[in-house]
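To keep things simple, chains are lettered A, B, C, D, E and F as they appear, and every chain counts its residues starting from 1.
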């Protein structure tokens, strides 16, 4: 007998809101280069973007029983995170389930297997990040853990962690670190805005990155 | 001496028309999960879509002699299906041949090797599904079978089978099964439309998929 | 002590202009099928296109110190060519450096590793060709050659060679061959335009490619 | 209701014996470069080798129900050919089934998915060719065709075709062509033995392949 | 400031000893098909085998500073588990460190990046499981967690979990479950020995797996 | 008209002899981590090893005309280096050409495409390094450069450079640097022998690598 929980602490809504204004790349840097999923997990369309609490579920490869189950228990704004063995040749999620998700106000879906009905996903505006697009269906045979930690794209995700995904990829922020990561990310964004202004004002990489002494220390002399 | 035929029975035009209104994923499910090409064969642009009779041809890798030959013999609405060893680093089809195809009213092209001049293909509106995009040209050295069964993307295609391809992928329907597959696909579409309406009306996955007894039978108890 | 040069002969501006009007595939064919980078190096967006003098640099994998250094020394119109070990899981270039490049009038960037901030790259209109998109940052530890020949995507690129890239891929033209390649490419384009007109006017592949005797010589007889 | 046949015509035993003395590469060449499975299907150990009648079966990915069923019906010397979706992360065959196969005098097994217990397979001496080695088990849920044509490694195999596999790979010979292929292969072997003797006796590639006029005709002049 | 622990509870030595007599595949099955690392992590030589307590460490890709640090703190019989970004083109471990490990009585090493000096590893008899073999060295720049949970090959490993690896692959057993897994594995081994004996005694798959009613229930009727 | 040269300066025989006693990994490190071919190019058998002057040749993918030509012009001890588009599904070299090579005293062959007749290669003792093993033959259609610089496995090789390959991989040493690389490699070997002795005598990584201050400087404090 396996017991599937649906209870976990969700992140603070205000913090999720703040993270949604920051890019996945900035967040990844700001939290010490942690939490980036492999680059093989990508948006169905580069205009898709999401930010919300992870609702985790473990599926067997080519089996979406637990994904379907998860949809029954998500709350508005949640992001379903499906670990399913990184199998490319299965479309585990399509237009019917997408409509079920929309009806529940889901924030999006991230999976390491494939999805299908991608033109419908575009039309619905549901942000979906997957490893592949495949028309091959899945079975509904195997139970597995729900709302437990899962590994996906090489990282560990706990239920209640914040998932942030955009055109560049996906990053997970630990729930307990999220407020601190917002601050660090905003500082990084501010610093980068400053660099960008400086470049637009005509400053050079040499000046801004103080390259000359750095290169000299490493043994490189540039002949101009 | 190799004899290349150009004669084969084409599918019923009305059935092709009906299949063109159904998605590749729906058809794949409706015919018992058969006939899906590997997900590595994908449209040059996600807005491309095709449906038509397979005109099959076998090329050597990095050689498009038989593809060129096929263009000479296709009929309006046919879809050329090129099996060429799944080689990624060759652009076997480009703007010149695309114009030749357009002039003949070709329905589209599906290949397990690469193509090029993809912006022209977009502009022409010719639907092309390939394994890769490559600028490297092909030679014209090797003869091979035409209008014979070929394997592509892991499945067998006979000349006269119906090819249906869209943003999600490619499926082949046996000519002799096509009418039956239309019926089964439409039934599936109707059923799915019903599910979607139900979800939009507020029904849950639990209700629609009757999940609770299914999960209990498999040994999963959900703690809400 | 490593000495990094920034001096090399750039190609003739008029020739670069002429090459920019020709497609990567046409150029590749016209120069004898040489100089095509592997098809794994592709544009961030299929509407991106570039043509300019190669400014070469060698980075260690997951290290962008020398890319940053290169930006300091490029001239308007140059295309930075970064060889970095074909590593997919690193985003070596993003919005800050892209702004630095725009400020200097860079012609574009080609790399065999990943980039990030791709929506910003689209918005800026800076053409970038890479092997992947990744949010994972790079270190700035390792010096290496600049403005020396590098291998990328399976081909050798010298500083001052002309890089031409579009939706289909990337080709390098040796600086000393560039004028000759323009002529050969234009001749090929003219010939292809003739073929296209002929196809549109109703000529067949059989006529234009003189297929029947060619196939017969190879031993294929078509039964119509 | 699916009807699974176990009846098909097996190849002539004497011809199978003759093919077993010829290498997979020689046979592939001798039958016109047809029938080679992709190089991703390889022996568990390079000393493994097999030759026998194909007993075909189609499994769902990560499901070995039909492989198990096939074992019940094979005859001594048969080679089970399992098409299972080219899935790498499943070990569909191990020591228990290998013992069942040995007891029935099976000639070997070829699959496009994974196997496990490979040290036992080595010890038993049962020749097994697979796409991967994986400890992850399979389910027994899905029925499928048996003794029907299957595609595997990019080629079509009919029940009763001859499978020949060795350290270099796997080739299928159509049952109806087998005798003719033996003759052509032996002629090729004889010719190659002659070349080898000539090389050992000091002849050069120039002489044996008559390279100089061939290269000159293609436009290559060697400066020695 | 990062604090690196070296303290964790190791598994019971007797249980480790018992697990070492069981195969990775059997253990994986017996614990409910959990804990298998991806099949891309494989032994340097198929005769290598290990069983011991996980000593976990997180390295940056192409950086072995923390692996070197781990060697300083391991205890006899430990197995170092290195998560390093699944990077193939780096040889992070070779003969010098292998000798350091041998001197400390290490049980073996498992990594998702590459190793080198593989002939020395064979000669030393140190069991090493890696994703690749590469001569390219690593840097020693980046600190990271040690004796903390890591993800490797798609699974989570805690320090003190038991690693069991052989020719077929690698499985991790949670320390707290290890005794129970031994029992379940031995039961499975006993059952499999029974099946093997039965097959050798002439029983068929039909009898042992009770296939006929199972297939009939699923809708397959075999025509013999 | 293409002119193929066969003349180039070979490396000093004594230096080649000295390099043959050094491992590929040691040489790669000693020359500043340059010249390593991608790890996808590997020996047919891990006991194979070679060292000799590069005789370079460029083939079209799936075409071995220029490889055959090269065999005509090599000198004893040379190593043929074939760049052929990194195509996996072709066996460009087998037992007949291997015998031709043996008769000429060839030092070995390195290619980025496939080879076949691998059991014969083992029996002959000819060291061969390739990207794959494939039974599919090649054509003899395309001329190309010989004894010109080629790119292979991501690096540039000039004729007359020294190729050193063993179980771990392949490295190229520039002819003009070879003597210096011998010295640097031997120094590295001596240093490593010292470390190994120290480890065997009971010294720890902490002592030998002086880890404690290094880690502290980077911000890691180990709690023992």
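Structure notes:
Going forward, contacts are C-beta pairs under 8 Å (C-beta built on N, C-alpha and C of every residue); 3 or more make two chains touch, one makes a residue touch a chain.
Going by UniProt, the chains are A, B, C, D, E, F = Putative 4-hydroxy-4-methyl-2-oxoglutarate aldolase.
All values reported here derive from a predicted model rather than from experimental measurement.
Within the contact network of the assembly, the step distance from subunit B to subunit E comes to 2. For the touching copies subunit A and subunit B, the fraction of interface residue numbers used by both falls below half; the interface is of the different-residue type.
Here the spacing of subunit D and subunit E, counted between their Cα centres, is 31 Å. Separating the CA-averaged centres of subunit C and subunit F is a span of 29 Å.
Centre to centre, using the average C-alpha position, subunit B and subunit F are separated by 43 Å. Among all residues of subunit D, those that touch two or more other chains are 38, 85-86, 89, 141-142.
Of all possible chain pairings, those that touch are A-B, A-C, A-D, A-E, B-C, B-D, B-F, C-E, C-F, D-E, D-F, E-F. Every residue of subunit D that touches subunit B in the complex is listed here, in rising order: 38, 85-86, 149, 151, 154-156. Taken together, the subunit B residues at the contact with subunit C in this complex read 1-7, 45, 65, 68-69, 71-73, 88-89, 91, 94-97, 99-100, 102-103, 114, 116-119, 132-137, 140-143, 146.
Taken in their complex, subunit C has these residues touching subunit B: 23-25, 28-29, 33, 36, 38-39, 42, 46, 166-171, 192, 195-196, 199-200, 202, 204-206, 208-209, 211, 214-215, 218-224.
Listed in rising order, the residues of subunit A touching subunit D in the complex are 60-62, 85-87, 89, 139, 141-142.
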